[in-house]
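Each of the next two complexes has chain A plus one more chain, namely chain B in the first and chain C in the second.
Showing the complex of A and B:
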């Protein structure tokens, strides 16, 4: 029996490097890598700042302290920061719920708008008829529920007709936005959302009774929704870890078939979870109207529906991770606004730029933590083939002579392929051939 | 588990850092400007690094006014890309006041409520708001101008060009139409100027639905060009309509800044604001002490061609022959106070600068008489924002009565 060596694999399909899964990197190393990634991004930003003749140390100091150093009214600045942080936090939490189930809810912007729109309508419509305490609760609950139903529509389509939820939730953003613009620009007797005292169309402020109560700590006004936001973090954490519903979300996220096999009602779980996801996002919108801006605006979302997606994924859908990541991103955005105020050549776009660089590097690190890149060193060249032939090996292409089961396939030390791996690879090769593609 | 601990530690650290910051803070001091250096704060709707359009016009004007007053650039703090949303505007105002600004300039209409509220909150800071209508007795005014006078002049340039290219269709990309007196008066004045130079001219309007949206501005201009318009005017933030005109080898009139640089072979002349006229006066007055500011500047500062607040940019090589003479002749009429745009006296002007006045009713596009023949100008309908009609000769692509 002649000894054969399979040449097909190396000859035609091995790329220069391949990506394989990596397991078991220590937690502290992971943390270090992320911190390193952020430092690399900040260094890159510092180079850009130097090009603009801005002192990067002073700039970063001002950014990460929110410009509080030397500020005449620091407590107000902190209140404002909380106002911009809470919507991002709550929206990210809401979105993560759907993502956990691998339902790509990118309709956060639209759900936020619906929540705000409904809350404002109730606040203005019932402002003088209902007790303030109940009014605020009604605004928030109905705002959230309307957004929940708005999100539920996309889920119903997904469950009943198998539509692509990414596309549908995306389009629903624009429906909500243009609905808001319609109300914002249509002067008419029925339109209670507009200010009757303005000749130009302008949203009216919600009445005093509809404003959410806030509390004060040592002169610092704190938005009540901050506490609610942190409470949602904790609740979601236990929802995922300790409840049956949380477990169901995880199973459906892994595989619909597994969930069905386990006797779960997949449709029901999807509908329930998407409603809850959109409800929380809508709640963020209602909170925004009731607790800080007190007035609708076409720019009311502050893009949290988009930024929330990034936050949820960077935090790997962990509620406490979302608290941390949304805090850091809010610091970055808010801080750069105040630190760039005193530089005439730096505009607020720099925040987006720096944020983009950070995300890019962090995602690269995220990839490297989960996967490793293996460079292939095993390649048979013409010289090696001649050598093998001289030693009495027959060079075969397994994909062609695959019926020849009797011949023993060996590999010499230079190819370093174990027998088992060869047969495995051959299997793989058959599949790729059948599909007519290359590896 | 370790990861959870790590997250917990970081959360604690972030709360602790906030607490440290709180501890170091006192309540707001009584004067925001302890070192006595006068500082200006500006809030922009777009980026300060824009190179054309509305924000650019304000930014360059503030810098020009400061240079004329020998003020260093570091006395200007800017928060830009601020949307018309109260939280965002409040935060921008607090940032600027916190950095010691004495005069806060807000350039976009939607800042109106936040500025009004913050003016009460910070009685030691002056607030001045472009295009708004709110004010108070002590530290908050608004400013705007008779831009329609300059629009009329640009309309003359467009009308003469339409005669030269023998195409009576003139396009107009407008942020809004009759919902805002600002846009309605702009369309009307421009159309009247064009008709004064070319009696057969028709102005076709397309509505953007926002003050600026570069993609839409471009596609609306392209749609107007496809419908056969030979001159494209605009009331929107960017130079995209002019660039579209340049690409389609037609002509155009820009807005806010001289857009000849963006469309060298298309642009005729732009309707421009000389905001520096206001800013220089306002900054100088504010530096003299805030007591006299309201009295000297007025609650509603409203100026026009006469004060130099509005005008047209230098005529480009693309203008039809005689445009300079015609514009000069009409300017003289307006400057002397003898005639104004929205009156019962209709002008007709030719390339030699010869003006013929006729008494005629000023009618809206539905035939209603706004001003009877020979009547006085309804300038106040622009100032008081009650102009909600388009005049004869304007054609919209949808229901014009919004």
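Showing the complex of A and C:
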């Protein structure tokens, strides 16, 4: 009796490798991958620095110690760092809310600007009329609410007509930016935002009463907004995990249809969440004016609306992850600004370059975490096939001949080879798919 | 009249880099990828193209390297989003961050060795008169006496239009942008087409970047990038042009018109106070915001009208993963 081996067409036509989803990787492996990615990116950066004849070790040391070593005013530097870190943290947190629903709010820049613009207007306009405490609260709430409404407009069109929110929020960024520049350039009696004593147009400083409270710990001035930022981290964490609304956001993000069948009002959830998202971003803008810059400027956002998108995504929308990632990126930017100051052929823009490289590598690592590459061994088995043939097996295609009723199922062809010596009675052997790890 | 001729010529010269960015982005978006890295890609193409070109003293070399450097950025975008399935918005923004960082890094590194536009490069950038047509009074100066990038840009836009709407490869590209799973099932190599379209699209953007650099006489300023936000306007223009390269040619001049109006509105108002005096009362920021306001309106109106076949590629911005069902 001839011995047969199944070698169906479908086995042969499979590609050499394919990509399949991974069901979670150990935490320590993920951490290791991230650390490795950052090291790879820093090495790239070091090579670039060497090209400029800059000592990378000294440069990185100055960067990651924020230029504190040998500095005469370290406390001042730390509070400056906090001032640049908090807007990024709060903006990223705000944006993550919308992203959780897969609503691509890339309008962070615009919402931040609107928040700052409204807060500054209230601070300057009502500075001498309202008690300081209420004034600051009013600035923040109205700044946030205006930004929230600015974001809400885009969400209304998304919900009603399916307008592409990525592109619409992008356009809204520039509309807000030029509105801000308009206020910054137009000298007129009604324009309270400009300094009346300056001949050329210049934004005026907000009055003392409109400044956010800060407190001092052992000489270090700590901005209240840092505390609020960290509070938002914790609140968002519980909002996602423990509240009905947080659950609804997760379901809508997963599938609009699932949410609908579960009886959720998807439109309402989207509108509410986008408002909240833009509100928090606007709050960051109001905080910036009230607590650190004390005046508007055309570059008030410091690009946090853009960087925040990247931060939220890299942290996989986890509030504590956002705290960590925004801290690291703030260190990178702040550190490079100070460490590059002593070189003539390098400036703070190196931070953007390095940040770009880091993100490229980290995005690639995300792939390794979420997917795995499966190599199909079937192709390689051409050699084994020849071996089987030499042993007298007939190669058949079960999907065509369908004579596998009496066949003995053998897990792979190596067992087939072993069996061929033991049992001569085998009529047909079936080679199962060589790699089944993901099934 | 002289002022009008200058104005129209400036509309064309300032508008044309937008056309490259827009046409490049149209190809990319038609294949289903939303690349928000236009600004960064144009910056990389501009600086590499300009530096290598002025070193080699050849416009061809400048264009070639602008194309290649930008195409390499496109390759990075394609590897990350198509093969490694990274989020397109995040990757695009990262490309922009990286590109601008790279631009300033290179500019700073070259430092005092920087050369302004000169030699063959300057000669090749001079206006080319189209025989006969350029002799027509006023009209000739307005439309038929421009630098090489103006003509090349329009040719590229027409070629891309033919490619997208009149060839089989273009049909496949559009099919992928609409429904990659169906295209895959029909036997189209989705990844290959996405790669090619993203890379070629990015290369075209790079040429636009080079055009901007040459427009600025190749003068590197430490604080302002040559591209100066044009990449973002190009993304807006794609929508305004309804993803059609031919409409993009017209759209380029509409957007260029607003752009030049910022500069010329004052002159118009003083030269013709009766007819254009009112121009002086409109703040220039309004003209800058206008492309974005119009685009936002176009986006909203076209989504309200809900055409049977929408202009926007249905699968734009979404990564395709064959095993996702």
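Descriptive notes on the structure:
Everything below uses one rule, namely that the second predicted complex is superposed on the first by the 356 of 439 C-alpha atoms of A that agree within 3 Å, B and C clash if a C-alpha of one lies under 4 Å from a C-alpha of the other, contacts with A are read in each partner's own complex, and residues count from 1 in each chain.
Note that in this section contacts are C-beta pairs under 8 Å (C-beta built on N, C-alpha and C of every residue); 3 or more make two chains touch, one makes a residue touch a chain.
Remember, predicted model here, so these are calculated numbers, not experimental data.
Of the two partner chains placed around the shared chain by superposition, chain B is the only one that A:298 touches, whereas chain C remains out of contact.
Within the superposed three-chain model, A:219 lies in touch with chain B and out of touch with chain C [touch as defined at top]. Within the superposed three-chain model, A:48 lies in touch with chain C and out of touch with chain B [touch as defined at top].
When the shared chain is aligned, chain B and chain C each come close enough to touch A:345. With both structures placed on the common chain, the touch criterion links A:185 to chain B and to chain C. Of the two partner chains, chain C is the only one that A:363 touches; chain B does not reach it. Of the two partner chains placed around the shared chain by superposition, chain B is the only one that A:323 touches, whereas chain C remains out of contact. According to the touch criterion, the shared surface of chain A, contacted by chain B in one complex and chain C in the other, consists of residues 181, 185, 344-345, 347, 349. Within the complex formed with chain C, the residues of chain A that make contact are 18-21, 48, 51-52, 104, 106, 157, 161-164, 166-168, 170-172, 174-175, 177-179, 181-182, 185-186, 306-307, 309-310, 313-314, 344-347, 349-357, 359-360, 363-364, 366-367, 370-371.
Every residue of chain C that touches chain A in the complex is listed here, in rising order: 34, 36, 76, 80, 84-87, 89-91, 93-105, 108-109, 111, 222, 229, 232, 235-236, 239, 283-286, 288-289, 292-293, 295-296, 299-300, 303-304, 306, 312, 316-317, 321, 323. Per the touch definition, chain A reaches chain B in the complex via residues 27-28, 30-31, 65, 67-68, 71-78, 80, 83-84, 181, 185, 187, 198-202, 205, 217-220, 288, 292-295, 297-300, 302, 318, 320-321, 323-324, 327, 334, 337-338, 341-342, 344-345, 347-349. Across the complex, chain A is touched by residues 2-4, 6-8, 10-11, 14, 18, 21-22, 24-25, 27-29, 32, 41, 47-49, 73-74, 76-88, 90-92, 94-100, 109-110, 112-113, 133, 176, 179-181, 209-210, 384-386 of chain B.
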